[in-house]
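Shared chain: subunit A. Partners: subunit B in the first complex, subunit C in the second.
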Partner chain A sequence: MSGQVTIIEFIITIPLVIALAIGCGGSGRGLALFAAWANLLLGAIVFAVVLARGGGDMHFQSSHILLDSPELTLGFAADGMSAILVLLTVIVTFCAVRISPQQPGKGSGRLYYVSLMLIAAGALGAFCATDLFFLYAFHELALIPTFLMIGIYGHGREKVATAWKITIYLGVGSLILLGGLIALYVQLSPTGGLTFDISKLAPGPGDHPLSAETQKWIFLPLLIGFGILVSLFPFHSWAAPAYACAPAPVAMLHAGVLKKFGLYGILRVAMPLLPEGFDAWKELLLILLLGNIIYVGFVTISQRYLDRMLGHSSVMHMGYIFLGIACCNSIGWGGAVLMMFAHGISIALLFSLCGSLRARLDTLEFTRLGGLGANMPFLAVTFGFAAFASIGLPGFANFASEITIFFAAFREAGELGSLQVVTIVALWGVVISAVYMLRAYRRIFQGECIGNLGAADLEREARLPVVLMIVILLITGLFPNIILKLVPDLVGTL
Partner chain B sequence: MLPYYLEIYVVILGVLMLCLELFSGRRSRSKIALVGVAGLGLVIGLMIFAVPAPGEDTQYWGIYHYDQWAAFYKGLALLATLLVLVMAREFAPVFKHYTSRDEEASGIGEFYCLPVFVCAGLMWMSSAKDLVTIFVSLELVTMGFYVLVAFMRRNVGSLEAGVKYLILGALSTGFLVYGIAWTYGVSGTFSLDQLSVSLSGDDLPESAAVFAFALLMVGIGFKIAVVPFQIWVPDVYQGAAMPVTAFLSVASKAAGFIVLLRVVEPFLSVASLRDPVLYLIVFVVCATLIYGNLAAIAQKNIKRLLAYSSIAHAGFLLMALPAMGGSVTVSGPGPHASIAFYLAGYLVMTLLCFLVLTIVRVATEGEDLVALEGLGKRAPLLAFAMLVGVASLAGIPLTVGFFGKFFLFNIAIQNAMQGGLWIVVFVAVLGAATGFYYYFKIIKAMYWGTAADEGEVAEFKVGRLAMVSILVLLIAVFFFGIFPGTLLGLIQ
Partner chain C sequence: MTTAFIILLLPLLAATTILLVTRTRPDVSAYVSVISAAVCFLLTIVLLGDNGSVGSFAWLNVGGLELKIALEITGLTKGMILVVTLVGLLVHIFSLGYMKDDAGKARYFAGLSLFMFSMTGIVLADNFAMMFIFWELVGVSSYLLIGHWFRKNSAAEASKKAFLVNRIGDFGFMAGILLLWGATGEISFSGLGQALDRETFDSTLLNWAMVCIFCGAVGKSAQVPLHVWLPDAMEGPTPVSALIHAATMVAAGVFMLAKVTFLIAAAPVAASVIQHVGALTALVAALMATQQSDIKKILAYSTLSQLGYMVMAVGFSGFVYSGEVIGVSASNAGFFHLYTHAFFKALLFLGAGAVIYACHHEQDIWKMGGLLRLMPVTAITFLIGTAALAGLPPLSGFWSKDAVMAAAQNNTLLLVVGAITAFLTAFYMSRLCTIVFFGKSRSVAAREASEVPLVMRVPLIILTLGAVLAGFKFAYGWFINPAELPHPEGALPLVLSVIGVAGIVAGYVIYSGRDKDPIRVKAFARKFYIDEAYHLLVRVFQDGLAYVAKVVDQLLIDGLIVRGSARFTSGMGSLLRGLQGGNLQSHAFLFGLGVIIIIYLITITITSR
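Moving on to the complex of A and B:
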């Protein structure tokens, strides 16, 4: 398999090479834009090819052995889930790079674009790695520039404190995760040699080599570690302040893409390798995800600033994805992956619009805004679309994913277990989202105008990414099958 | 070529540099350093002609041997010394300030020669075959360091450090000699090969043997700076000149570990001694990891911070010892290979950090974390190099530091699964987590600090040789972090 360079390797290498080129003195904006276009194209090709060949198998496999004992391979491949997340990453990266020139206070911008490229490369590598080590390592590669950018280019007086908080919080989360992954690798490696290769760690058909008890205790650090990265309740408090502080492209990339790594990890590593471990903690997860949906939902309603509200809303929607995962059937997982995609695009869209608003206004406090729809018609309309998508109105991918998840929970007719009860409570989350999103929209764009009359509408360069994201949400919302059929039975052994 | 010619060449190089010092001008002595760098580079090149075949162990006079480990550590010593000379050249302005009255270079010529002699000691030690040779070569190294630490004679901090290091070093030497004497009394031999044979005899006085081991541990513990023999480290690291601190933390530690590995294994492989020796080691490991990591958190001076971090690294390195000599089988690199890998990685990342710090120290005259503030804006490349070095010290994946820690954890976990001792793994995990915090404090200062926005802006002058060294080390950190097999291949 080695010897030929696959398209996946290209996708990961391009941003890395571009980052190096920018670091050596290239033009930040031009090179980054080139990488974004190239990756958008290649990502679309990967997605199309995987769609055509079926999402159940691994495509574009490549592997280079770096170390024999313990076996370490630099390997990449993409199945349906990876292809969806690769597509998500390249779209959000493209939009983030495209709106970057409008970001205030980035100075010469070289470090800025290098960081963006590294985040993109890290996310792509993590989603395609077939090796436990590189799965983890690429995520770290994306995290560190994220921290740096929030501290350097963030806004608000609290930016250093906030950046420090997210650094420590996610650093600890990654370490707990690393502990779990090492335990997994030590315990699950086949006899006769340690290996990091996920496919070799996977238990074969038949009985699982580990007892249910062992699985349970290895799963816990994985759940906590991945949970911290996804802002699972009660580990969510880093998210909203960080997104409020972060420059818009970073918020887009982290909330839209990088946060999905935790969910991806649970679906790719934790559940397939430790099925009984998941069963042991399922009830706990159901309670925690209600915390995400209902508790954080109410917190979101009470927010007074747009950026913080969006941050909390992104935490809240993670609850639905966990619900889809907890359904333990292929419909639920399909819904979860579709929601990862839909939420990724819609939250990126919202953060990009929020960034544009911030650049125009003195404040994002609701009580000091109003009537902006009159002189910013484009922003008002697109923000409306984004808000509707986020609530989950029919026609958008978010709707399709939510309804898939809710149906998945009731697949077994007539049964009313904890999953079904939780799902019924979680349904109210849709109402909560409607309350805060519609209220925010009314307060910002409608009603009496309180100042800021001179602010102009969205500039021409920033319109393409916004429209692109809305169109993608609509397409995948009207034809959710493109995504859903790429997610076959993820966890075959269950 | 006979392998011990390498040491002879290095000594000749040192003498040559001393002679050169006599004839060079008073204004500039940096040529001496260049000669040293070139000479050491040449010796590294000559090592190719003295490569031992795999498994080959050439012996000379029963006190000197040359195998793959010896060759590896010799290479390490040469490389470290070479980089320290590069660093010392950058540091010359500060040396001038603290050695001679009129900012002349006349006082700093010897400084370039001493590391070369220390290097010869280190190389000899990596080949030492018996306790007396070990002692003599270790003293050669330590004597060199006494002078180096106190070299900036017009700086009170440096003098204080020199006195502290001299007194405590002499004390530890006393313990080491006493331990060697007891070991000889117990086993009747100085030779390390025969030590394990005679220790496993039936009529071994066990308590006396354990006592001998404890004394040896005290002596070596000073050199590698493990708790409870670490008190000197922060003050000496802070007081000594930047290149000396770097040399101390890399070379002195490597030297200590070479000795430790040689001495510990015979004791651990004797069944009746294994348990008490193991308890001693486990106590030292846990105490070192906890103390080093926790004490580093509160530090505001970079050299003190790195001093405590070097204590912590000694703790990580010791994690591999309990797996030695017993019945534990380790899948993956064994204790010797892991420690060698870690030491090599530690050399690369530590010297990278110290090279950057040297340049910062010369430009800003500051050694506190505040001096680094704003480095991200003013000198992006230096800041990036420091970022990578620090991330590697913290053990972030894709850097060499990750695999260094990983191999040691791999051993500790497998040891724990087969023979208990989970406490070591537990403490080490906590230590590694704490490490993230204080290493990121450095990154935080460089990129988020605002102190440098006001006031005059210091200018960073980076010599060409230093620049090349920084780039090479930077690439090495990533290269060995992604392809650890290449470095392991050199070892095994």
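Moving on to the complex of A and C:
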């Protein structure tokens, strides 16, 4: 299919070209905005086309063979799940670029915009790659600029240390993942020769070439590797400090988009290629995800700064997505994918508002804030929307995804198994998240005003991304079928 | 079907319009909201002729799960929707006067409209999922309205508390819904009813599921032990208290239970829990009410107590009495009391609002007095409301309280608790009226009080009519079959009337001419120290656990494991130091550029091939 450039290739190439142009001396923000607009449009087209043609099949396929043996192809395609994540990526990228300052940090700030473009390109590539090697490589491409952005443009005294910590932590995670992927590649390649192509690695109908025992042991490094990238308990401690130190656009892109790669990987690679591998680790995952929801939930309650609280809350919500995955039925996986989208938008929204507050206030410590709703009504109202979205209020996509996941766990459950018990315990997380979010809202915007009296509301030109993200959460919350219809019946293909 | 959908969606449209278009014009916003409420009330009258399931919208479909927004109209629904739209409309009109000069008037009316939308959704829901959705939305509109004066610390705290306590109840509610869905595969009320008829399910599971679902009602209808949010919710504007925290939202729990009586009948243990929780709430709240001095708090505890009656009555669904199952009729008694209570309690709250308005936002009854002369319409309507609440014949409260007690008449303990509560109710209301309306004025504000404007008087008068007439067959017969109401046997009505009169006389005799409370029971005044106990619990368990988790996170997981292993890989450490010494920015830039060039070259060579 070479010769013709697909829209997916365009979407991935545009930020790369723009990054190069900025690197060669172009204007940072102007070019990045152009790329963001173009990709927003193209991403919406991809989404619409896949929606029209059905999310179960691969569309916009392209492949370019780079090596014959082992077979390595630079190939892209989008099914429903990819299309959803592409849409998420272009929306969050657009908003992240829009809220980026004209002059980030000292100097020309070109590196800043180059990094943003690379993160976007890397995420898009990872979500559309049909080849195991590029799936991994594109994620790494997005990860490295994230570290740089935190180290160079971050806040706080500990930003460099934090940047190194997340580098090492996620580096180790990536290595473990790489080990698992190599094992997959070696073990699953058809007898004709080694290949990285996911569709060729996938077991055909009938017996799986690997024994359940082998699948189990290949699944483990994949689960841990992907798990570290998603901040699965107990591998979560990199996340909150990193998001607290990161510039707002980077926190938005990483927490909103890039972190979903680990979940995507489990659904795209680990589960389909090793259908029996998960059974052995299901109980383990159920315990770990409770760690995310309950334990990290309590850690979130104890936070004293808004940025750290949001960071922990994003770790906590990953537990629900893992719960959806652990249900191993199409309801649960549909809910998980919907929540990947909903959480991506809502956490990006929260981090963008948090960034706006940071720019206006001299502190984000709850006890030193209060009553800001009176002089910043726009921020108060939109933060209210974001907070209620994040705690799963009906009307927002977050609620639709949560309730889908809960129902998934109880499908045909006449008797209570471990999944159902874990789900009931996990329900308590709904109370926990309301506690920390409403406490934060009360501390920041309500009550008597203490300090920061002169802080101004969000300026008009910065309001578009905020409103856009809220509207998207509402549309997908009121009509969740738009997203759910696209989620391919992955379980059915196992 | 369109009528029901318009009643549901019109208030949402009004709220959205105010938020997006008219928020800078408070008067226009107020009229948008009032007009939507008026249209909804008129459409409700049209709707009363309809029946059955009307239309549905597939909200969420995935892998065999189908959650629908589907409306169902039954007798119960009609009674409730009438209460919601009628009391809602009156409260909207009353608010035009009460909130005339409020700075957040547009926000207030948007909140009211959002509430009307959410509450209508609960009433019309034909399945648990839809009910849960609107259940949560009602919670958030209540949060917004309690916290209307959000710059007041107490209002901000109260709104947060209300939402969180309700979420605890909703945790149980959701668990119950899931348990039922897991066992039966149904979430619609009719589907569940049929499934229970068709096959037998494990009774332990049904009991657990019903107790869980009851948790939702405990939260929303403020039953012990989750009652603590309702008195605090009085921080909201008084019309809000009348609509949401007296007549409608807090009754949603009872309404929901009345809708699932077939489940209560199938779960005897849960039914017993429901009866006892209801009776306990009725008694405890009435005791607390006798020692309050804030006029709204007295009414709030009274609401708790009356909700307890309703819950207790509904809990008797399915209990065998004189040889036949009285399932339907016991829950009818609870719903009947909900219906009459909505009128007289909304009347009392709006009356209290008028008093507060006239006394320049004074709420302490010991600073009032002699208001009967100064504001006769308010005073007389309030006294009629009091008589209805005290259960004096032939006012509406008499009939419904009789029905409630008749539902409990085979259970001596609960019958006695109900009778004591009835005495206390008459007593604390008489105390309130004696102090506020009779005697001499105790403050300047009370001396200078004058009757409230017409726009506030009219709702009072209409609600008074309701409080007087709602207990007669013509006013309730079209949605409750009078034959299916439990009827008190023997001397019960007479005894209840005597108890009511005795309470009123006792209250008058003790409090007439007093300037301070001659009875001091600290435990009642301090609400049995339950708030303090909860505060301690939250501090010790939630915040304590949170603190421990944080320390573990920092020391063990992050400090020991992560940093320890980072130090272990010393090679990486030296690499780290080497890079850190150099210019990070130039390293980073070169690295980024390198990656781009490689990727770009690859892409170019490939696409041009």
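Just so it is clear, the second predicted complex is superposed on the first by the 484 of 494 C-alpha atoms of A that agree within 3 Å, B and C clash if a C-alpha of one lies under 4 Å from a C-alpha of the other, contacts with A are read in each partner's own complex, and residues count from 1 in each chain.
Throughout what follows, a contact is a pair of C-beta atoms (placed from the backbone, for glycine too) under 8 Å apart; a residue touches a chain by one contact, two chains touch by 3 or more.
Model, not experiment: these values are computed from the prediction.
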**Study point:** Which superposed partner A:69 touches (first subunit B, second subunit C, both, neither)
**Key:** first
Check your understanding: A:179 contacts which: subunit B (first), subunit C (second), both, neither?
Key -> first
Review point. Of the two partner chains, subunit B (first) and subunit C (second), which one does A:395 touch, if any: first, second, both, or neither?
Key: second
Practice item. Using the superposition on chain A described above, determine whether A:410 touches subunit B (first), subunit C (second), both, or neither. Key: second
Exercise for review: Based on the superposed arrangement, let me know which partner A:212 touches: subunit B (first), subunit C (second), both, or neither?
Suggested key: neither
Review point. Touching A:168, do we find subunit B (first), subunit C (second), both, or neither?
Key: both
Check your understanding: Given the touch rule stated above, what does A:45 touch, subunit B (first), subunit C (second), both, or neither?
Key -> neither
Point to revise | Greater subunit A contact set [subunit C / subunit B] | key: C
Practice item. Classify the contacts of A:111 with the two partner chains as first (subunit B alone), second (subunit C alone), both, or neither. Key: both
Review point. Looking at the overlay, what does A:421 touch: subunit B (first), subunit C (second), both, or neither?
Key: neither
Review point. Shared contact residues on subunit A for subunit B and subunit C?
Key: 23, 66, 74, 107, 110-111, 141, 144, 148, 151-152, 160, 164, 168
Review point. Across the complex, what residues on subunit C touch subunit A?
Key: 58-65, 67, 129, 132-134, 136-137, 140, 147, 150-153, 156-157, 160, 163-164, 167-168, 170-171, 174-175, 178-179, 181-183, 185, 202, 205, 542-543, 545-550, 553, 557-558, 561-562, 566, 569, 572, 576, 580, 584-585, 588-589, 591-593, 595-597, 599-600, 602-603, 606-607, 609
Practice item. Report the residues of subunit A in contact with subunit C in the complex, numbered from low to high. Key: 2, 5, 9, 13, 16-17, 19-20, 23, 64, 66, 74, 107, 110-111, 114-115, 118, 141, 144-145, 148, 151-152, 160, 164-165, 168-169, 234, 236-238, 295-296, 298-303, 329-331, 333-335, 371, 373-374, 388, 393-395, 399-400, 403-404, 406-414, 416, 420, 423-424, 427-428, 430-431, 434-435, 438-439, 442, 445-449, 479-481, 484-485, 487, 489, 491
Review point. Touching subunit A in the complex: which residues of subunit B?
Key: 331-333, 376-377, 380, 384, 391, 396-398, 402, 409-410, 413-414, 417, 429, 432-433, 436-437, 440, 443-444, 447-448, 482-485, 488
Check your understanding: Which residues, counting only subunit A, touch subunit B once they are in their complex?
Key -> 23, 66-70, 72, 74, 107, 110-111, 133, 136-137, 140-141, 144, 148, 151-152, 159-160, 163-164, 167-168, 171-172, 175, 179, 182, 186, 193-194
